[in-house]
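The data blocks that follow each hold one structure.
Each of the two complexes below includes chain A, the first together with chain B, the second together with chain C.
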Partner chain A sequence: MAEDGALLEITDLQVAFHGPDGRTTHAVDGVDLSVTPGRTLGIVGESGSGKSVTSLAVMGLLPKGTEITGRIGFEGRDLLKESARRLRDLRGDRMAMIFQEPMTSLNPAYTIGDQISEAILRHRSVGRREARARAIEMLRKVRIPEPEARFQEYPHQLSGGMRQRAMIAMALACDPQLLIADEPTTALDVTIQAQILELMRRLREETRAAIILITHDLGVVAEVCDEVAVMYAGQIVERAAVQDLFAFPQHPYTVGLLGALPRFDAEQGELAVISGSVPDMSRRPTGCRFRSRCPFRIERCEEMPPLIPVENGRLTRCWRAPLQRLVA
Partner chain B sequence: MSAATEPATVSGAGSHDHLVDSPRRRVWRRLKARPAALVALCVVVVIVLAALLAPLLAPYDPTQQSWTAVRQAPSWQHWFGTDEVGRDVFSRVLYGARASLAAGVVSIVIAVIFGVPLGLLAGYVGGWVDAALSRLTDAMLAIPFLILAIALAAFLGPNLTNAMIAIGISATPIFIRLTRGQVLTVKAEDYVEAARAVGNPGWRIALRHILPNVLPPLLVQVTLTIAAAVIAEASLSFLGLGQQPPMPSWGSMLNSAQRFLSNAPWMAIYPGMAIFLTVLSFNVLGDGLRDALDPRAK
Partner chain C sequence: MFTLIGRRLVQLVPTLFLVSVLIFSLQHLLPGDPALVMAGEEATPEVVEQIRKRYNLDKPLPVQYVHWIGGVLQGDLGESMRLRLPVGQLILQKLPVTLQLAFMAMAIALLIGIPAGVISAVKRGTATDHAVNVFALAGISTPNFWLGIMLILLFAVKLGWLPASGYVSPFVDVQRSLATTILPAIVLGTAIAGVIMRHMRSAMLQALDSDYVRTARAKGLHERTVVWKHAVRNAITPVITLGALEFGTLLSGAVLTEQIFSIPGFGKLIVDAVFNRDYAVVQGVVLITAATYILMNLLADLGYILANPRLRT
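The block that comes next holds the complex of A and B.
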């Protein structure tokens, strides 16, 4: 799916882990994605859907021995064909990542300043003094008060929200083109969450970086994303612009996710739950992977549906799309 | 979201005092709060000073024999009495501290220099490197520490240097295993993944991001192993495998004292007390350090 000016273009990505017991788990199975500069793509899915594995594959951070095929095009190169050294040069420079747990993602042995400076010194030929100045500038950019004082503090002296800001400062220190945020707000309480999302939105405007936001929280998606890819059992089941997805979900799984989302703006009885659980990915299921939990299943679902285009450029992996027909 | 545009409302950072509370300072503060550990630290300092300043503090030459002052009881002239050839026991205990502490320190340096990098390698690289190193440490740890040290010292030949090497080699597997275990824990930490995500090469992650975080338990082990090494040196010297006569060592002093236990007990009591105090102090200090370094403690 070639899009004009895509910064990152993933084609048919497959990731398989070979367990020590000889079992193979297909964590990601044929994913196509692309992001353009200045846009935010949300990847939504429950635990084990392959969303984090996809992002780690892009960063080249999957453990050795993992089988990865397909193509990850980044700035015209295929990252899967690049050497480990080349990937190290890209990480933290052209592409960066923010992790879920700000409480444990900073090294307790070094000051905040040391850790941000390290990323700068790694990728820019500058001296300690310049790195320090740049690090303080980054701390200011992520709205950490009194950046000069914070520079020499240790992680345990900062709150969770402040640490996540420091992590963002570290990730953005070398002006990456691509920022992957893996559940950046999950570990934070709601007010801090809103501040961090606001910060990310503002930084995207300033830097024009492409952002991939991985989350299981549709509320976060609605807040910051332009586009959404919904993942289920290692596959993308639906891709759409964010308003379209919330207005008319075109995959039964998305419908289920939206039903399970608590809302304040509408009367709602009990939250809907999606019954059943995610299929075991070490035994690759045949047919549509959602069918055992799907209220709309038909005989044809024994056969794997492809990602089918439905109205205005949206894609869904469901034989029964568009779903409006079913409820009308 | 007005909060993000008003820095004053988001200053939720942990502390507002700008005293930098570095991990090192925090440990020192916690250690100071433990009287037993503090006393032990003082005793260790006194023993180290005694060993360093032995030539200035000792009233007599520790090897000077005197046939007119054989096995004299403690007196103002000879504080700890004299031994079977008239040597001053106080001076010999002071000089003996040199052999004991040298054995403690040198053997631990050997054990750390070999054990920590090998443990780091095993834990970080994993695979067959880990398997090979782990089997080797298992094999060495199957033999009791002292027995292994005695066997190695006997093999290398009886003198203090060889005794230190033997003790050092015997203590190495303890450090390999401890380091490896700690590295395995720290390797899975999020900040190690974060360090990879900013493009650090493997060696830098191992040395800069993992090593500093495995040091605290290693420091505790160092203190405890010094105590074990002091005992090992005394044992080897007692058996004649360590410090050679006429130079004093607490172990060899005990050896010669055993024949006179009933009529000259001071010959055994003072070197015995010295060993006891040194080992106790290092152990108490080690325990105190462990508590002070415990991240769960307040």
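The block that comes next holds the complex of A and C.
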């Protein structure tokens, strides 16, 4: 599904952490992804699936000593080959990130305005006054009322939703080409969630930035994403356009996830769950990683399936694809 | 914020009252009769009796206490039986010495402790971190008297760079004043530097692991901005409290260090007073020390508020 004109193109990304006990955890194992400007890619998976690690690898924010291989192509360069200094210049300027918990992600000791201006001063050759004007403009853009007053306020003086807006303003202050949002709405109330998602949608239209939205919430994916990559145990197990994924999931794990998605039009009853748990990644299981939890498993699943193309340019990591006949 | 200060000032009153009662009663548990000490071995019972009368030592303890505290409330801390001088005057004489020493020691402690803590947190697990920790541990566990004697041996006896003892006021000669106080300040400062370094290190480790530091890095900030602006600002708050408390301790006089270097500060004053059963002086010094300590606590809280905007509103 590697399209022409991709802004970010990840090829065979492998991330391994070496624990103090000598154990190695393969958090990301052979991930291929690409995003084009103006599109939103959702990465879905449960905690520990490697979705956050993938995004931190792109940003160059993984701790020292992490083993990263593969290629992260961004604007024609391989980020994994760039110097720390060059990556710092890109971060906050060409690519930016917003995080799950806006309260702890903002520095409690500095004002909102100071923290936004800081990013502008770092990447643009402007004076304090211009940086301030730009920061206030950004606060207005993310629909924070009375931006001049908010500029001087500290994070604790803002509500959760306002804080996340301020985070978004900070991330977008230098017009990045790529915005990575790691669970941006998880810590917020449902109504605030909807507002933030709407804001992100609108900002994408205005800026034409590419967005990677990391979430475990398929409802959020359905709201804002164009394409989806479903991750399981460090691998992508399915990639599809968002409508296709919801209409006909092609991987048993996605089927399970969709089954676990509460819907208003569904019959009342128990919430569906996927039984079992994610394999221990420090032991790097062989074969299909989902097979111990899979209702459709066959003998061949002892062998690791590749990403198999199915209709519409979709990919799924399952020997039994296409799944329609099994699910229906 | 102002209500907080007001509340703390009000709390000061009962605390000081309790302290005054404690000092007064504990001190009278000390064996020895001040009147006998004063009168000397050859004195007749009449003379001793006369001294007792003069200093109200013949009255019951509660009466003596009321007498003393009444004076204190009017700013009169009593009179030193040994030196025949008002206690207030003695304290005013010694306080600048102790203050100077305390400020110098604190400056040394902060200048060493804070950067050392930051560096060892940033370089955690490396040889630098281990080295800094060893030095901190050495600073904390080296007895002051031993370090003091060693420094005197090295700088005064062997090298002859600095005087071994004595004190010169900075108002008389700044250079000589620094020369006489630098060694005791180093002795006191390095011990506190170790404690401050340990606290700074653990606060920094926590700060460096925080979400806002990750945000700062995601903005592309230089690592030194991330460390010194974003992390240190948050990590320094607990260290402010610690520093103020340590400063309070320094003000109460470094008894041993002042003895070794013959510095005429609070420590020396109180030791001499205890040995001579000079009740009024002991009571006065301890009371002032306690009050200073409580005030330092208050200042620490204020510093905390200044460093932490969440407490300001």
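The rule is simple: the second predicted complex is superposed on the first by the 323 of 328 C-alpha atoms of A that agree within 3 Å, B and C clash if a C-alpha of one lies under 4 Å from a C-alpha of the other, contacts with A are read in each partner's own complex, and residues count from 1 in each chain.
The rule is short, and it goes like this: contacts are C-beta pairs under 8 Å (C-beta built on N, C-alpha and C of every residue); 3 or more make two chains touch, one makes a residue touch a chain.
Quick caveat, the model's predicted, so the values are computed rather than measured.
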Given the alignment on chain A, is it a clash or a fit between chain B and chain C? clash
Applying the touch criterion given at the start, work out whether A:Ser117 contacts chain B, chain C, both or neither, answering first, second, both or neither. neither
Once the shared chain is lined up, is A:Leu61 touching chain B (first), chain C (second), both, or neither of them? both
Have a look at where A:Ser159 lands relative to chain B and chain C in the superposition and call it first, second, both or neither. first
Taking the superposition on A as described, I'd like to know which of chain B and chain C A:Gln177 touches: first, second, both or neither. neither
Please work out whether A:Ala96 is in contact with chain B alone, chain C alone, both, or neither, and reply first, second, both or neither. both
Should A:Thr104 be classified as contacting the first partner (chain B), the second (chain C), both, or neither? both
Chain B versus chain C, judged by how many residues of chain A each one touches: B
Touch test for A:Ala194: chain B only (first), chain C only (second), both, or neither? first
Residues on chain A lying within both footprints (that of chain B and that of chain C): 59, 61, 88-93, 96-97, 99, 101, 104-110, 118-119, 122-123, 154, 156-157, 167, 170-171
Within their complex, chain A touches chain C through residues 59, 61, 88-93, 96-97, 99, 101, 104-111, 115, 118-119, 122-123, 154, 156-157, 167, 170-171
In their shared complex, at which residues does chain C touch chain A? 210-212, 214-222, 230, 233-234, 307-310, 313
In the complex, chain A residues that touch chain B: 59, 61, 88-93, 96-97, 99-101, 104-110, 118-119, 122-123, 143-146, 149-150, 152-154, 156-159, 161-162, 167, 170-171, 191-192, 194-195, 198-199, 202
Going by the contact rule set out above, which residues of chain B touch chain A in the complex? 1, 3-4, 7-8, 10-15, 18, 20-23, 189-191, 193-201, 209, 212-213
